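Following this message is one structure expressed as structure tokens.
Labels A, B, C, D and E are assigned to the chains in the order they are written; within every chain, residues are numbered from 1.
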Amino acid sequence: MLEIKGIVKQFGAFRALDGVDMTIERGKVTLLIGPNGSGKTTLINVVTGVYKPEAGRVYFHDDGKTLDITGWPPHKVFAQGIVRTFQIPQIFQKLTVMENLLAVARGQAGEGVLNAMREGRWAKQEEELAERAFEILDLVGLGDVWDRYAYSLSAGQMKLLELARALMAGAKLIILDEPIAGIPIAQAHAIFQTIRDVNAKGVTFWVVEHRIDIAFKYVDYVYAMASGRVISQGAPDAVAKDPKVIESYIGG
Amino acid sequence: MASKTLWIAVAVVVVVVVAAIAALVYKPSAPAAPTTSSAPSASTSTTQATPTSTTAASVKTVTIGALLPLTGSLQFMGVSGQCAIQLAVQDANQMFASKGIQFQLVVQDSACDPTAALQKLQTLYSQGIRFVAGLTCSSELSAVKNFAEQNHILITSISTSPLLAVPKPYIFRLPPTDNAQAKVLAALYHMLGIKRVVIVYRADAWGQGLTQAIINETKKYGIQVVGAFGYDPSPSAMPAAEQAAVQKASAALGTPGPDAAFEIISFDQDGAAVVQAAMNDPVLSKVRWFGTDSNVYGTAIMQAGGQALAAAKFMGAVASPNPDDPHYLHFANEFKKFCGHAPTGYDPYYYDTAMIIMEAIAETGSTDPTVINSVLEQWGKNGTYVGATGPVYFDQYHDRQYASYLIVGVVIVNGTPTWINAGFYNGTTGQITVFPQGQALFSS
Amino acid sequence: MIRDVLAKTVALVIALVVVGALAFASPLPKDVRVLLQNIEVYIAIYGIYVISLNLEVGYLGLPQFGKVMFLLIGAIAVGGIATKLVLLIYQNAIFKAMGAYPLAKISDYCMYYQYSVTSLVNQMLAQNPALGLGYFLFGVALAMVLSAGLGVLFAYPAIRLREDYLGILLLVSGEFLRVVTYYATPVACGVNGAVIPDPFAWALGETRTLVYFIATSAFLIATFLVFDAIGNSPFGRALRAIRDSETAAAVFGKDIVKFRIRVLAFASAFAGLAGALLAYYFDYTILGTYLPIYTFIGWTMLILGGLGNNVGAIVGVVVYYIVQTLLDIYKNSLQAVLHADPTYLAYAIFGLAIILVLMYRPQGIVPEKPVKTIDLNKVRERIQRKIK
Amino acid sequence: MFNMYDFLNNVVIPAIVYSNIYALASIGLTMTYITTKIPSFAHGDLAAVGAYATFYFLYFLFGGIKPGSVYLAMPIAALAGAAVAYLSYIGVFKPMIRRGASVTVLMIASFGLHFLIFGILAILDSIAQTVYGWSTRNYSFSTGEVQIPGLTQSEVTAITSSVVLLLILAALYYLLNRTKFGVVMRASIDNAPLARALGIDVERVYAISWLIIGAVTGIAGIYMGMIFPVTEELGWLRLPLIFVAVIVGGLSSIYGGVIGGYIVGWSMVLGFNYILNPLNLPPEYQLAIPFAIVIATLLLAPQGIAGLIAARRRT
Amino acid sequence: MPLLKISELNAGYGKFHVLNGISLEVERGEIAVLLGPNGAGKSTLLNAIAGLATIYSGSIVVDGKDITRSSPSEIQKIGVGYVMQSPNNFGTPNIFPELTVRENLVAASVGVPQDAAEKALEEALGLFPKLKELQNRKAKFLSGGERQMLAISMGLMKRPKLLMLDEPTAGLAPKVASDVFSAIRSIRDMGITILLVEQNARKALEIGDRAFVMVTGRLRYSGPAKELDEEKLGRLIMGQ
């Protein structure tokens, strides 16, 4: 679904990405691991349009078409159905869980200031959106807290809310940046279970996560990066045994 | 649900509104509560007379209001004026104790802001106050004019703007308009043989108005105003504006000479800056200087350049009775004791704004503003009221007229520059009399 | 939900009718009624002002410290432009009566003839209520258009600047505009202030106040209806989302500049409306008095009432006026406590009140509530039934 | 024709005096900003507090303002300003910051604080006037300036205010760079989380810096009182221009604020003499000049002078 | 009696629960290395000891004193020095960039009597001669290795009994990193106990006396550094 070819990203003298190739398969959950400073977040930023790469291309395959999305601005990347989450949850704190979802739905007629006053123009759409939102919330397990303010959620629920919001925005590919950082273990498993549930509905995932002991149990394919390069890839078991990966963690 | 909380909110608002109205309707001052126990010191704002021998039961309390700029750009006038009005109330309570009337004062801050002034006037009105003294800025007067007329609130003001020389029922202005002062100054120029005048003025409504009036009045004598230069009186700006205006004035006058004069239209503080700028000017330092009613007797201006003022034979006109008028002397004396400094500028007028109302009430025994309005109109025709500023005559617009002016100047007395009364302008005859101590100022 | 908004609006109408009846047709003493009448007009005008501020501050989170600028624009539209238009219409009649064309030498008009000319104009307007109404609506519309235009200008710096810088930029821009327009005599008669012909010259005394009460209340109701409908719509929700996290909103494809332009245009237009109404009601305006303090007063009202909801905005205005009036009336009794000038005591108490509210009830009297677009509970129930 | 005497008198001297006043006032506001991130609307009132403390002190001592006496009162002004600033931090801002109040809310709180300080000052005034019969408003400290034969009062003020500004800057420089407390304070500003981790009581450091803010601003109040009539609104009325100085200076460095003050002072005087006068524009527009400068600064170089200097150093 | 004794510690930041029932002991005079993949909670453990994290339950005892609920400055007085990671989890560096090298050290000596502070300062500069040369340069102009040396010296200013170092060699060239490691050894030789968090596990194990491995907030290994071979470590880290 996503094809990354020879991406190079340079910050001054520092080469953060040094010719990265990667393929994210449609309908799979792909994990990206690597020690600090190996370039994982930089890569995501390149893909989502925050940074422009010095070299290399990013291709997005969808609906039988191939788009070269290299260097596209974030909102255009988003428009293609690629949604990312952040390490620090960027939720709308003073909105309810439900509102958090409704707010990100695309193409809302009621967001025009003149339409806003004419309920007839958007009430039906709103109702459809709400139905979809409830379905998503039930899917990720936030159905019971739909009317709570977002700031009152637990850390794990906030992560789930981000996931739900990405779904609401019609994501085909969801990029999760450390979805279980700082989450108690039981909840962390629950989050990955949710990711699998959602994945079963046809959404592709690309996950960056440090807590590999948990993450490895839930993913289909793993890429390992170190010093701006892909050093290993394959099924979780294979990567876990790859001496190069272990070396990257042990050797610093 | 939301509608529930909404109704709670509405209920709260209704309760608050009702409580507020109840608080408004209940007036603590209504049945002449015997509150004479407090306020031993005179200069708090609810000034009350010390109880006199009259029995408390027969004493009728009348509350008058004062609307003064106690904050903002004209605070310096308002604070001093408040003291003058408090003094007037104290005096009135002594003078009219025998008539069984006692006056109370409620002061509100108008901040020289028309919006605030109208709001405060409405608050005073709701407290049952129908007489308000001391309105200062012409913009305030403009804003409250209609409200006063509609609701019959009698207002006395010290505004002098010619703009308000229009019919304005229930509003009386104690100082003459700037036209009158301009007349005096023009006569004074003429008497001294001056042909060219350059003006530096405070660029507010008052300064602009007076400048325009001087230009008009001097035309009648064939005197030419060669230039008029304003400076920003706003206290947030910088006094350098005064220097620049002086510079321009100097250039406009060109050459000094006995036929040339420099007119300073300022208040005391800003006048000091003008004087400092002008005293070193090669042209202006060689001509006669004139001032206005609001900078003569000033302390700051004297401090800034007393010697220069004396050298330039500085003179200005103050609407005033004869200097030996016991009323004024009495006022000046009392004011100094009561307020801690000598009266300047408009202080005697502030005093009269309150006193004329109280005297009318005491003399007629009526607290109906409509009655007092016609009484003041009547008194204004006959000059019945004689206050700190002399006999008061009003014209058809309720503006002071036929005012006599005292010519005030600076001479060196025992080595120190001192304000002296140099002459007298008789408003009825238009004649200027020179006093013996002022001879030096009038000589060429 | 529009039903909810309408319910609130009906409550507002009822409240206005009740207080209107209290002020205009009740056995209360006349002086109390006069005070109430005027306060009600102020509350209606400031209600519009604060509701529009709420859209910017409460919904979008914009540090609008230049709000007074739009009152100023309203005053210029009415006192500077609409007034001159009326003078132009009647210039021949004025020339006949006074021997001068008022617009020929504007400085003389400002300094000497304003009152005479205006009273003449008022007499003629009293004969022609339709023209008066047209002139009123023209001034109001002009104020709204000009304010909206100025508001849009600030949408662009708003993107580049941090919260505090933007607040100060707006504050200083307001001061700049004030200084420039105040000292330019042709704008609105400079230091003399502009006397404004009364569009409802046919109404005298209490009737005039009643007319203004009805007019301003109608505008307040319309403003409330519009702003609450906007607020309780996907649009309002998007604004709050932007306020809570601009980054996330941008990630999810919200065009933040577009939203800012709309909000600034809309809110500024209504603040301009409030400025125009204020100028008409006072029938006099002097531009030098539009100091930042009026911005802060608006903020104080809004924070007292509660940010982020329009009911709170109105409650804040009401509470502010009640507290202020009661302090004005009863401050003299405070004097017994303290042998000092009670005028200033009122300022100190007010300052203390602001600080205490911010410290102990930062959400205000009426706290913010979730946006109501449709009845979500119903949708929820329907879905749960479907699942079963 | 260029007249050296006029130039000195009408341009240089006033420009120096105003610049010094705005520079002195902006030191405190910049410090408020770099320590606690509050653009405080109550800042001007600290100057008024300093001015009134001076006044009361001199009247208690001499019953009036004698030549040179304001310098005797300078420590008192500094002390009073420091006390009020400290109380406002401890009593209002610190608890609010701890509860996570946003900058906007803090700004509104500082506005409330302005009303409170202003009201209390006015009440004290009114008491002083009643009890001691002092005329407490609209006096000027210019009479308290030292008199140097042969020099006008503005010239003397230009000199003394420059000396005081330099002394204060030198003292601040010494305090910040040569004392342990200064190092700790700069450390707290530079990297507060690390400072906390190293056991520095950052809140206490901020409280002490508010003492300094108050002291410097209190002294600024004396010089303001030499040029502008002293009322409770002495500082409040000049606050927009102080903000201009601080913003133009870049809100991040004390010395930037001083440069900002100089830009405000000189731009008003020069703009007045060489733009408004020749073009015959109303002199009142002099206030518009610094406002225009700050609007341009914010739109073009939001980091101000300090930001420009830092940018140059970086490249 | 061990210098540091942690029992059943649960800690995190506010809502973010990171550490799950950590118990460990560090003896006097040894170098203890704490290993584990990113996000395992190593820095959080150090923050918890230093008083900068939220402790939900459990206890931390240093030198016989319970410091579980103590403030950072009290903990430092008891003798815990802490050199944070750079950038740390607050997003700031572990030095004061705008201060000179010397001033950085002075700032780090808050609460130490003047003469002791001066002595410590000279000692620290003696330990890293490079810093002595650069003592009047602003820290932001230092190289990465110099910054780490400065940060370590700052940790020594209060003469701690226990010095905690969080990834002191992150991002350093190998040559510089080994300089840092030898400095750590000489600090240990001064009698200071060291708790070291390192990415470079191999190097760390070389100098370490005792090793801990953390994965996902739990302690997976605790024992002599010698007994932890790379294969075992790899398996632990990979979660197997």
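Assume a contact is a pair of C-beta atoms (placed from the backbone, for glycine too) under 8 Å apart; a residue touches a chain by one contact, two chains touch by 3 or more.
Because the structure is a prediction, the values reported are computed rather than measured.
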item	value
Number of hops, chain A to chain B, where each hop joins two touching chains	2
Both-way neighbours, i.e. chains that touch chain E and touch chain B	D
Pair joined by more contacting C-beta pairs (A-E or C-D)	C-D
Centroid comparison with chain C (C-alpha atoms), farthest chain	E
Cα-centroid distance, chain C relative to chain E, in whole angstrom	59
Rounded Å distance between chain A and chain D, as computed from the means of their C-alpha atoms	51
Inter-chain centre distance, chain A versus chain C - centres from mean C-alpha coordinates, in Å	45
Distance between chain centroids, defined by C-alpha means - chain B, chain C (Å)	34
Chain C residues counted as touching two or more neighbouring chains	183, 339-341, 343-344, 347
Contacts with two or more other chains, residues of chain B listed in rising order	41, 44, 71, 203, 232, 234
Full enumeration of touching chain pairs	A-C, A-E, B-C, B-D, C-D, D-E
Chain D partner contacts - residues on chain E that touch it in the complex	50, 52, 72-73, 75-77, 82, 84, 88, 90, 92-99, 103-104, 106-108, 110-111, 154, 158
List of chain D residues in touch with chain B within their complex	6, 9-10, 14, 18, 129-131, 133-135, 137-138, 140, 143, 152-154, 227-229, 231-233, 237-238, 240-241, 268-269, 272-273, 277, 282-284, 286-287
Residue ranges of chain A in contact with chain C within the complex	74-75, 78-79, 83-84, 86, 90-96, 98-100, 102-104, 106, 108-113, 115-117, 119, 122-123, 126-127, 130-131, 134-135, 138, 146-147, 149, 165, 169
Of chain B, residues touching chain D in the complex	41, 43-44, 71-72, 75-76, 79, 203, 230-232, 234-241, 243-245, 247-248, 269, 276, 280, 300, 303, 339-341
Chain C to chain D touching residues, read off their complex	57, 63, 65, 157, 160-165, 167-169, 171-173, 175-176, 179-180, 182-184, 292, 296, 299-300, 303, 338-341, 343-355, 358-359, 362
